[in-house]
Amino acid sequence: SGGGGQKGPGAAAPPLVVHAIDSGTFQENFNPFHLEGVNFGTTGMIYETLEYFNKLKPGETQPWLALSHAWSNDGKTITFTLRQGVKWTDGKPFTADDVVFTFETMIKHPELNKSAVELAGAKALAPDKVQLDFKSTSYAKLFNISGSTAIVPKHLFEKENPVTFTNPKPVGTGPYKLVKFSAQLYEMTKNPDYWQPGKPVVPTVRFPAYTANAVQTGLQQGEIDWAGAFVPDIDKIYVQGKPETNKYYFPPEGVVALLPNLTHPVLSKPEVRQAISLAIDRDKIVKVAERGYTKVAHPTGIPIPGGEAFLPPAYKNAAYKVDIAKAKELLKGVDPAQLKFQLLVPSPFTDWVNAAQLIREDLAKVGITVETRGVAFQDWVSKVGKGSYDLSIRATPAGASPYFQMRSLLFSELAKPVGTAATGNYQRWKDAASDKLIHDYAATDDLAAQQKAAQGLGTIMVEKLPVLPLFYSPAWAQFRTSKYVGWPSEQDPYAMPSPYTSPDAAVVLLNLRPAGT
Amino acid sequence: MKIRIGAGILVFFALMALAGPLLISADPAATSDAGLQGPSGAHWLGTTQTGQDILTQIVYGSRVSLGVGVLSAVIATAFAIAVGLVGGYFGGAVDEVLSVLTNIFLVLPALPLIIVLAGYLPQRGVASVAVVIAVTGWAWGARVLRAQTLSVRRRDFVEAARASGEGPIRVIFFEILPVLLPVIATSFLATVVGAILAEAGLSFLGLADLSTVSWGSMLYFAQNGQALLIGAWWWFVPPGLCIALIGTGLALVNFGLDEIANPRLRTIKVRKARA
Amino acid sequence: MSDIVLEGRNLTKHFKAARGRGTVHAVDDVSLALRSGTASALVGESGCGKSTVARLLAQVYPPTSGQVLLRGRKVTGFREYRRQVQLIFQDPFASLNPFHRVRYHLARPLRLHGHARSAAHEKELVAELLERVSLTPVEQFMDKLPHELSGGQRQRVAIARALAVRPVALIADEPVSMLDVSIRLGVLRLLETLAAESGLALLYITHDIASARYFAEDITVMYAGRLIESGPSEALTQSPRHPYTQLLLDSAPDPARHSAPVPRLGARGEPPSLIAPPGGCRFHPRCPVAMPVCAGEVPGRTVLGADRWTHCWQAEARPTSVPGG
Amino acid sequence: MRFLARRLGFYLLTAWAAVTLNFLIPRLMPGDPVDLLVARLKGNVDPAAVEAMKKAFGISDAGLWTQYVDYLGNLFRGELGRSITFFPTEVSTVIADSLPWTIGLVGVATLISYVVGTSLGVLMAWKRGTWLDGVLPAATFLHAVPYFWVALVLVFVFGSTLQWFPGSRAYGLEVTPGVTGDFLASVAYHATLPAVTIVVASMADRILGMRNVMVTTLGEDYVVMAEAKGLTSRRVMWAYAARNAILPNITSFALSLGFVVGGSVLTEIVFSYPGIGSMLLKGVENEDFPLMQGIFLVISLAVLVANLLADLAYVLLDPRTRQ
Amino acid sequence: MNVLEIRDLGVDYQSNSGAVHAVDGVSLDLRRGEILGLAGESGSGKSTLAHAIGRLLRPPAAITGGTVTYHRADGGAVDVLGLRGEELRAFRWAELAVVFQSAMNSLNPVSTVGAQIEDVLRIHRPTMKRNARVERSVELLQRVGISADRRRSYPHELSGGMRQRAAIAIALALNPEIVIMDEPTTALDVVVQRDILHEISALREEYGFAVVFITHDLSLLMEISDRIAIMYAGRVVETGAARALHDTPRHPYTLGLLRSFPRLHGPREELLGIPGTPPDLRALPPGCAFHPRCGQALPDCREISPSLRDGVSCLLNEGKGVR
């Protein structure tokens, strides 16, 4: 493509105003290694990953800075073939050295390796070939390796301490460049030398600072073109009777489940969990607590649509149905005096607080007394982590494939003894069959084999009820089609529509085209 | 007059807190399909987004709001009495230390301190919130009480009691304390207002227990539910109004007490002087 | 001459001045004796240290130096001392706790000092006390709160409270200066009778030297923290020996004078600061007849006869003549 | 001067107390920011990474005393640690960015509130028995209204319903920060509602306080005498009565600053104002202990300085303290 | 040659529990250049009367009736109670000045003594130059025995006696015809009191102003005043030349008062005092207010309220009083 970029009608194209993360002010931090505090857009728009994973279609990947990858050594080595002719925005070429530097930095500074990729080493085999070695089989971690690690320019980063470097003048390979920064607004313009010819079409992207409150007004007054906000009453505040232009799309991103503490003598009984599940009116929770913005979860917990292939065939069409009579029947053998639980919720999550209230009302109908307790977020983290709760509500992210979700939900190694903080499997599910299926999944690169393992895990979810899925946690995305069209939709879920997901947001931007074309 | 209006307001809210839940025995958290309805015959004050009845919430919330207010004021006042009276009565080094402590807590900004403390608080139940508010709210009373004790201590009747052989404890609690009761009442009432406001602020920031219905948590949910933007004034007006009204009631009683002590403060009808 | 009940010897009291600006020499080297059945007066202008002397004698303050003797002995027990020496304060509006009834004010000392055997006895004693101070009908007064009493009545309650302890010495610190002229007399008379009847040693502190003449047998005059002259009241008021006493007597209004314009006095200026009191005789800066020695040395006590003495270099020089202009 | 020296000593002591309190609170309270961060990362964290993070956040296992000494040392160098929310930005930077907004907003609002409130109090005391007495019940009511509720109502009425003033942010999207007329105008326009909130909510205290002191002062002999001297009402009211009544009012004003700052925290949050209050809430929500503490410290010290200024004003205004 | 004539003056304090008739039908004359003593027990209405004359009453006090007439030296008469606005301001201090009981309270604590004198000059003598004002204030201070360098002293830097002198100096600033002194020496001790009294009488000789001198120390009044009025329960019960009042008091109350003062000189007399306590002005006994305390009360005293005739208001001896 031409060095000067497109002139003509494109030059008059309006800027896109984006609200990604609630924030009163921005700090000048564009270091993609950072998870907290880094400004949105750093990964995706400025820095890019090796490959792109569509989280809405598990298994669908796209080459990005890497053209392809190849596993060897039983999943302990991966080799990437890199795209040629890509340039950093300062004109220097993008090479294998940059990739090696990026991964070596993660080895040197474990605190930057936030997704726990078990890297052992990185080396450049050729200017366009990079080999990464791992301590263990890492098929399942491909997303963390190539889908979420942003590659940084070695020639600039090697001069800095990557842990504390805030990178105020970022130089990336991505479609946009930072041009303006102030505490309440930063702005990016398109990279004229971007490697995807003719793209991006949106010339300017502006990121004003909005807090959770302010963004509502911003949406109402039409200041924002693209937001990822929870809007309590979306019809009134955002749509305002213009559904053709003021659109939104809330695809499932993970699953919110009721966690029964399996070390509890009563909750460890499957029939009790079954009864609880039968008594809960999930439709009402979705309608009242979640304002109808999401859907009741599939009993396997795997997000639908998108994850159909991972569903066990027997339960493909399974759905929850309230059955009070059956629930009562199941509880016959349990001493009613023991059916008293405390439901722990983080009180800042108001929708969960409301859901807890509904669960309480539902369970009361089958003779289970629930006391809902709202606690501070960190207290909830610590209590659930340590297993000192009866019932709780928690979200598990889907990740780029059901593996992460299932591992986090069911892997017995994550279940720590009560009193020790766990990082997953908070309900403390210990089941050899589940563990084997998780191992099977991780040990293969073959999609069919992976799907089979996932189906096995799904069956366990439905039959044994280690956790009780409630509803999908939605990804929030509001976008106006008055300036640009081409947004993801249920019909064409090519990327997560939320502006706060990276690098998906960049993919969305690259797909936009002016309204009326 | 002021006292009467103020006391009327307070009695109203006290009745609401004590007897209200007996009359309206609904669950304040109970949801329904009728979300976001304006005031009507079925829901006198309308409903929240999740269909909770606002009147029920107001009635039950009064318990928490008043409870936190009164509880922390009791704790703070007890502390203020201890510090103020002991320091003021004994004087000397004890007083120096106590009054520096008091002054420190006086200048430290209370709400930020409460926020920070609450931020660390693992359990944000009613009692712990009340304690945190009390911790930051006693200094004002202690300062006033100390100053008053200093002046009362010099009064002849205290000297006289000592001269007739009374011991210090008896002098403090039987001679000085009763005289300070109006001051204590004033500072107690002021602390209640402060504590109710602080609790509301904390809840509004989501730093109190939100699964208990209080006026503050109602405002939190109203704010989170964007009651403002969707024009659901019936959601955020009543709790705020209740807080303000109860504060007004307490303040009116307080000003009334002040006016009894200092009649000059009364508002007066000026009669035309003889022409 | 009756025996000495309470005696202060060389009492000195220094206070730390407010905000740490030096020392207040409130009382310096004051010796004073009270005899049973006798009313003595301590006279001096405002701020000269009268109340401080009273409080030292009542052992409300510990003296900086000097000692207080009760019947010739030092008493250390706090309560024991209170049982013997009682104080009546200037302001009847302030000396009763507005919260307690008359009965409480009188019953507390009775109980504290173990005079009451039972509740009934206590009530009896309270009634007796009220009767002694002429607050009748006693039943009616017993249950009154201080604000329901007039100033004179309050002062009577205060006196009754002091009496409840059954002291041997009573110190009345300006007991009537806050009362209306017309009711002063009654209270003073009451004190006078009590001293005479029950053999109390009474110290009457006042700045009104005329009332001292009427109600005390002897008068001691104080100036800027020191005693300057003492003598039987009639003799002292009719023939003062110290120039300050003279001045005090001259200054007192005399209704018989009818002499506008008011004559200028021999001395001018105001009482000295007690933080840096003048050296020598403290009166010398204002004294119309000061001699060089007055500024240099503190005059010693010149005994002028039975119970009469003064601290003045003039008296030293001319022991029998009356100084002043 | 002695008075000032004493006050200065007191403020130093208080500053030290605030600093120490700040040090102790996190160490006496349970909770570990790294656990929280791990929770937010939703699992999948390497234990080695946790350890490394602890180091990065400056969480130390050293003895309390050593930590205290280090802490004081860092403080003297102006190092407040790194924010967790805005990692790796230094807390001091975060504060430096947000403090000017708060100082500007609170400063101007407090000034207005003080001047208007005090003048109104003076007038109300002076004109007792006129229609101005009607302000009294209103002030009593406002005195008890939570700041954030006033803010909400103002946003509702003037922000969303009438749309006269913006209900959020500190300046418009269309202007670029800088010393330009456009920018300053935008800042003033955006600050209107928050400032009005603080003024409305804090003014009642000033009115009531000043009125009461003033009423008492008006009964003083020197005011009666000033009137007897045949001075004009204005002169009696201001030079004699208000001039004296303002003295006790200054002290109570200084002490109320803490409340105003507290109220402004809530106000900023409602208005998404980029000041220190919003940052404090962000810190609390994210368990960003370094940030929380840094902000609390700065607020405390700012209130202390304001108090010191009030003391200075007192000394200037009251000849009795000038010795 | 009256400079001031008070006729049937009444002042009430309005209160919820009924009106207090603090001054009730008082008629008095003040002659040019004389000292009129006003005596009476606490609460008998002396200050209220003084304030009423100076038009200094504040609500809840209200004048209920009567007149106060001021006669200028040139013969013109002024209805004092009818003065409004500018007239009243001009009348104040230029014609009638006031010295209050406690100088500490009647001097503005935050302004210098000199400034408080110059304040009067500036308002009343707008044409006077600054230098002239300073000169005049120095002159006045020196006249009352305060050295010129004290002009810039604040009240708290002066001793009690000096403050009282300063208050007198302020009162004399405009050479008024009348000076009202409300217990100007009560707070001072006898020696200083005598000094001040001397000063007052000397100044009066020099300037020839008339003085209303209020105190409850009757013996002091007897010494300094030309004529005396005795007040009881808001009424004047006896007036007369000081000597006459002393030698032949006609009202039993006056007699009682005289017999309450112990004498310093001469033989010891028997002190009689007055039994009972002063009445509550809210519930005055019917008839002569003094009758419950009067040893010689007639049955009629209980019903008939006597009026002031020939300088006494008493029913005894057909209205001639005790003797």
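Labels A, B, C, D and E are assigned to the chains in the order they are written; within every chain, residues are numbered from 1.
The working rule: a contact is a pair of C-beta atoms (placed from the backbone, for glycine too) under 8 Å apart; a residue touches a chain by one contact, two chains touch by 3 or more.
Predicted model, so just to flag it, every value in this text is computed and none were measured.
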| item | value |
| --- | --- |
| Graph separation of chain A and chain C (steps between touching chains) | 2 |
| Shortest contact path, chain A to chain E, counted in steps | 2 |
| Of A-D and B-C, pair with higher C-beta contact tally | A-D |
| Chain separated most widely from chain E, comparing mean CA positions | A |
| Chain C and chain D: spacing of chain centres that average the CA atoms, whole Å | 55 |
| Whole-Å gap separating chain D and chain E, where each centre is the average of the chain's CA atoms | 52 |
| CA centroid of chain B to CA centroid of chain D, Å | 21 |
| Whole-Å gap separating chain A and chain B, where each centre is the average of the chain's CA atoms | 45 |
| Residues of chain B engaged with two or more neighbouring chains | 121-122, 206-207, 223, 229, 231, 268-270 |
| Contacts with two or more other chains, residues of chain C listed in rising order | none |
| Where chain D touches two or more other chains at once, by residue number | 30-31, 128-129, 160, 218-219, 269-270, 285, 287 |
| Chain E-touching residues of chain D, taken from the complex the two chains share | 128-129, 218-222, 224-232, 235, 239-240, 243-244, 247, 317-320 |
| Chain B residues within the chain A interface of the complex | 29-31, 33, 35-36, 49-51, 121-124, 206-207, 209-212, 220-221, 223-226, 229-231 |
| Residues of chain C defined as touching chain E within the complex | 45-47, 150-153, 180-186, 207-211, 213-215, 234, 237, 247-265, 267-268, 270-271 |
| Sites on chain B touched by chain D in the complex | 100, 103-104, 106-122, 140, 193, 197, 200-201, 204-207, 219, 223, 228-229, 231, 233, 236-237, 240, 243-248, 250-252, 255, 258, 262, 264-265, 267-270 |
| Chain E - residues contacting chain D, complex | 51, 54, 56, 58-59, 88-94, 96-98, 100-102, 105-111, 119-120, 123-124, 154, 156, 170 |
